[in-house]
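As structure tokens, here come the structures.
Paired with chain B in one complex and with chain C in the other, chain A is shared by the two complexes that follow.
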Partner chain A sequence: MFLDNVALGRYVEKRSFMHNLDPRVKLLGLFVLAGFAFSINSVFDIISMSVYTVILMMLSGLSLKYYLKSMKSIWFLVLFAFVMQLFSYEGTPVFSFWFITITDKALFNSMVVTFRLLFAILISTVLTLTTSPTSLAHAMEDILKWFFVPKSFAHELSMVMTIAIRFIPVMANEADRIIKAQMSRGANFDDRKISGKIKGIVSIIIPLLISAMRRADDLSIAMEARGYHGWEGRTRFKVFSWKLSDTFFLFTFIAISVLITIY
Partner chain B sequence: MKTKRIVYSGLVAALYVVLCTVFQPISFRAVQFRVAEALTVLPFLDPVFIPGIFVGAFISNIIGGMGAWDIWLGSALSLFAAWLTYKMPKKALAPLPPVLVNAFGVSLYLSPLLNINYWYSVFFIGVGEAAVVYIIGLPLLTVFSKYYKKQ
Partner chain C sequence: MNYKSISKIGMFVAIMAVFSWINIPLPIGIPFSMQVLGVFLTSFFLGANAWKVFLTYLLLGIIGIPVFSGFRSGIEVIIGPTGGFLIGFLVSSFLGRFERVHKLVLGFLQILTIYSCGIIWFMIYKNVSFVFAFQILVPSFIWIDSLKLIAAYVIYKAVNSRAIKRLS
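Right, the complex of A and B next:
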């Protein structure tokens, strides 16, 4: 039931420029964007970011429907941000009805905020559509090491992420099973009262958590039996290699960020 | 027992992501009622859950967050809040760090991003987070502490 909703299966296997890029570069690119995208505040910035985002989407070789799907969970926030700006600025009125007045400045600000969100979401969607979750986990480990996080902790985080990714479908299945079991015992998850909703949620979380701990005990024994002993001496099946195209991509990310900051 | 710590964290991270997905209609909105945040009280019982909360938030933000800021900054704030929760002296105070860190921290990037008042953002995030962490998280902590043996 919930397996369909677990969107980590978002990654689409394909051969494209974006798929072939080093995952570390893609994650770093997002990091750079996170810092600079606040500066988007002019028509020039919006046009340059739009062109850049469309180019990235085309380089991913994936159809538009994948990107539209990613907007599904965020449309409300985009709409909220747009409407919030509409009524919050002074300027020349362009539309007036009863007590509602929309000014040119308000319209422009709404557009800027909406585009900021859209760029951030679309660019991170390019990352998730073109990078497998396991590669993301390894990329995170490498980047943390670059930023002087102790090797052992970086490895532990990466391992936690790998285990989490592996167990998301298992836990989703378990959640489905527990919900059905509780319903058969008379639990009503459609209760309109808040107290009823809370009871329902707690009756799912507690058994899920206990079941997760049981699985954890079994898994840790299995891992140790197979010789797992932390990061020391551990090698990877897939080793990342930094190519010229990766440097070029990172450079374009920095260049576009600097461009929108300056203008 | 290092392996056990990693695995416990991994499964809590998986659970965080699943809860975000199962209760998606009330997650990822302007006033976020992210039910999975109830798990942020777990580090009070045992620090092994700290990386799990960070990774769970990281993956959930990749899936359904607001992009780059949520992925990096939002997850880092979750890590900090989880560490503070572990340091809390009393059970009743355990849900406080996620509420304060998220309300004041997330608003730091959310308010310039959405061009909204900082305190307005603090209020909405704080209310959503406090509702989940105190109403669901605290009872969860009380019940789960009976079953859980510290690693």
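Right, the complex of A and C next:
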């Protein structure tokens, strides 16, 4: 079935400038940029942001098809935002046909809205394509610590994320096995009646939940046995190191955010 | 926070992802997603810790793991038109704190929370009136969600009587 072979994450392994950056600065920078993308409101902003985004995409060393793939689920939304903005009646008309009148102001507004969405999506795609999920989880822990979130909570969150990343494929496999097992025992998921469907669902979920709880129990015992005791004194296998290129990236994204806010 | 609840939260995030993927089409054409069922079950079982599951779930989605329905991921899903429901999951899971309330009442309040978040988000996003958003989002889905609530309650009772006793 569909659940037994799931590729997790969009991360593409490669060597490039974006890949080598510190995950912390990448996470911070790309989220700041994605946030500031929503304050775009002039042609200058659009041009400077597109130049910057294209540079980032080129530095990631990945072909355009990865980015297009991430746009695939969203192009309709972008188009819809564009069309919705197009039909406001302020400003001077530049184009009119039958009952449709498009004004310059509406055209400009719809451009701005479309580009805001586009930049937010592309920039977050750069982040997820060039950083592995586990290092993102760890980077998130460090960043939360910088922003005065309690250390224990930040650590807990990244620990839960790591566990979830590890166990999502396992649980998907388990669900697949349970579905097959119930089908071989005569469960009928194609029942036309609602009550039949619900019975089918229940027969999957109960074993799935019980097995998940058993796994959680095993895992907690394993963690205890290996001396896990929260964030205090915990070290990592991969230590993030701050390089010159990270400082450079930090300055460029601060500069571009300031530029967008001023103009 | 001890390791027992950390491992449990992590496991429920994984379950939530799997629930978002399992999608059973109904004869009327509405997809029968199990996400809402996952929300009920998570808050029934984890209580006050349930919101951590959904915080992690959303963060995982943002950093590009395809945990949302239809194997989607990325910030574009959350800022999309139905992103309000995903945020509604997080908001409604705070209700799990009230462990003394009857589970069916709790679930009903969660449905209300999820739908109001979804509707408000949709209204802001598409700039439509409340009535229009209500008509699109509520009537055809809410009765299925109520059925899911009952199913979640049945599952909660069954699992509780079988698993918890043996494990703890």
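In this text, the second predicted complex is superposed on the first by the 208 of 263 C-alpha atoms of A that agree within 3 Å, B and C clash if a C-alpha of one lies under 4 Å from a C-alpha of the other, contacts with A are read in each partner's own complex, and residues count from 1 in each chain.
By definition in this document, a residue touches a chain if its C-beta (ideal position, glycine included) is under 8 Å from a C-beta of that chain, and two chains touch if they have at least 3 such contacts.
Quick caveat, the model's predicted, so the values are computed rather than measured.
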Request  = State whether A:260 touches chain B only (first), chain C only (second), both chains, or neither.
outcome  = neither
Task = Would you check which partner chain A:228 touches, where first means chain B only, second means chain C only, and both and neither mean what they say?
result = both
Request  = Kindly classify A:56 by the partners it touches after superposition: chain B alone (first), chain C alone (second), both, or neither?
outcome  = neither
Ask   = Is A:250 contacted by the first partner chain B, the second partner chain C, both or neither?
value = neither
Message = One more residue to check, A:113. First (chain B), second (chain C), both or neither?
response = first
Ask   = Where does A:171 make contact in the superposed view: on chain B (first), on chain C (second), on both, or on neither?
value = both
Message = One more residue to check, A:121. First (chain B), second (chain C), both or neither?
response = both
Message = On the A-aligned overlay, A:18 touches which partner chain: chain B = first, chain C = second, or both, or neither?
response = neither
Query = Now for A:33: first (chain B), second (chain C), both, or neither, which partner does it touch?
reply = first
Note = Footprint intersection on chain A (chain B / chain C) at 2, 6, 8, 10, 34, 73-74, 77, 84, 117, 120-121, 124, 127-128, 133, 136, 140, 156-157, 159-168, 170-172, 175, 198, 201-202, 204-206, 208-210, 212-213, 215-217, 219-220, 223-224, 228, 230
Residues of chain A touching chain C in the complex = 2-3, 6, 8-11, 34, 70, 73-74, 77, 84, 117, 120-121, 124-125, 127-129, 131, 133, 136-137, 140, 152, 156-157, 159-168, 170-172, 175, 189, 192, 194, 197-198, 200-202, 204-206, 208-210, 212-217, 219-220, 223-224, 228, 230
Remark   = Touching chain A in the complex, chain C uses residues 1-4, 6-15, 17-18, 21-22, 24, 26-27, 32, 34, 37, 41, 45, 52, 55-57, 59-60, 62-67, 70-77, 79-81, 126-127, 147, 151, 154-155, 158-159, 162-164, 167
Remark   = So, in the complex, the side of chain B touching chain A is made of residues 2-15, 17-19, 21-24, 28-30, 35, 38-39, 51-52, 54-56, 58-59, 62-69, 71-73, 109, 112-116, 135-136, 139-140, 143-144, 147-148
Remark   = Residue set of chain A touching chain B in the complex reads 2, 5-8, 10, 30-31, 33-34, 37-38, 73-74, 76-77, 80-81, 84-85, 88, 109, 112-113, 116-117, 119-121, 123-124, 127-128, 133, 136, 140, 156-157, 159-168, 170-172, 175, 179, 198, 201-202, 204-206, 208-210, 212-213, 215-217, 219-220, 223-224, 228-230
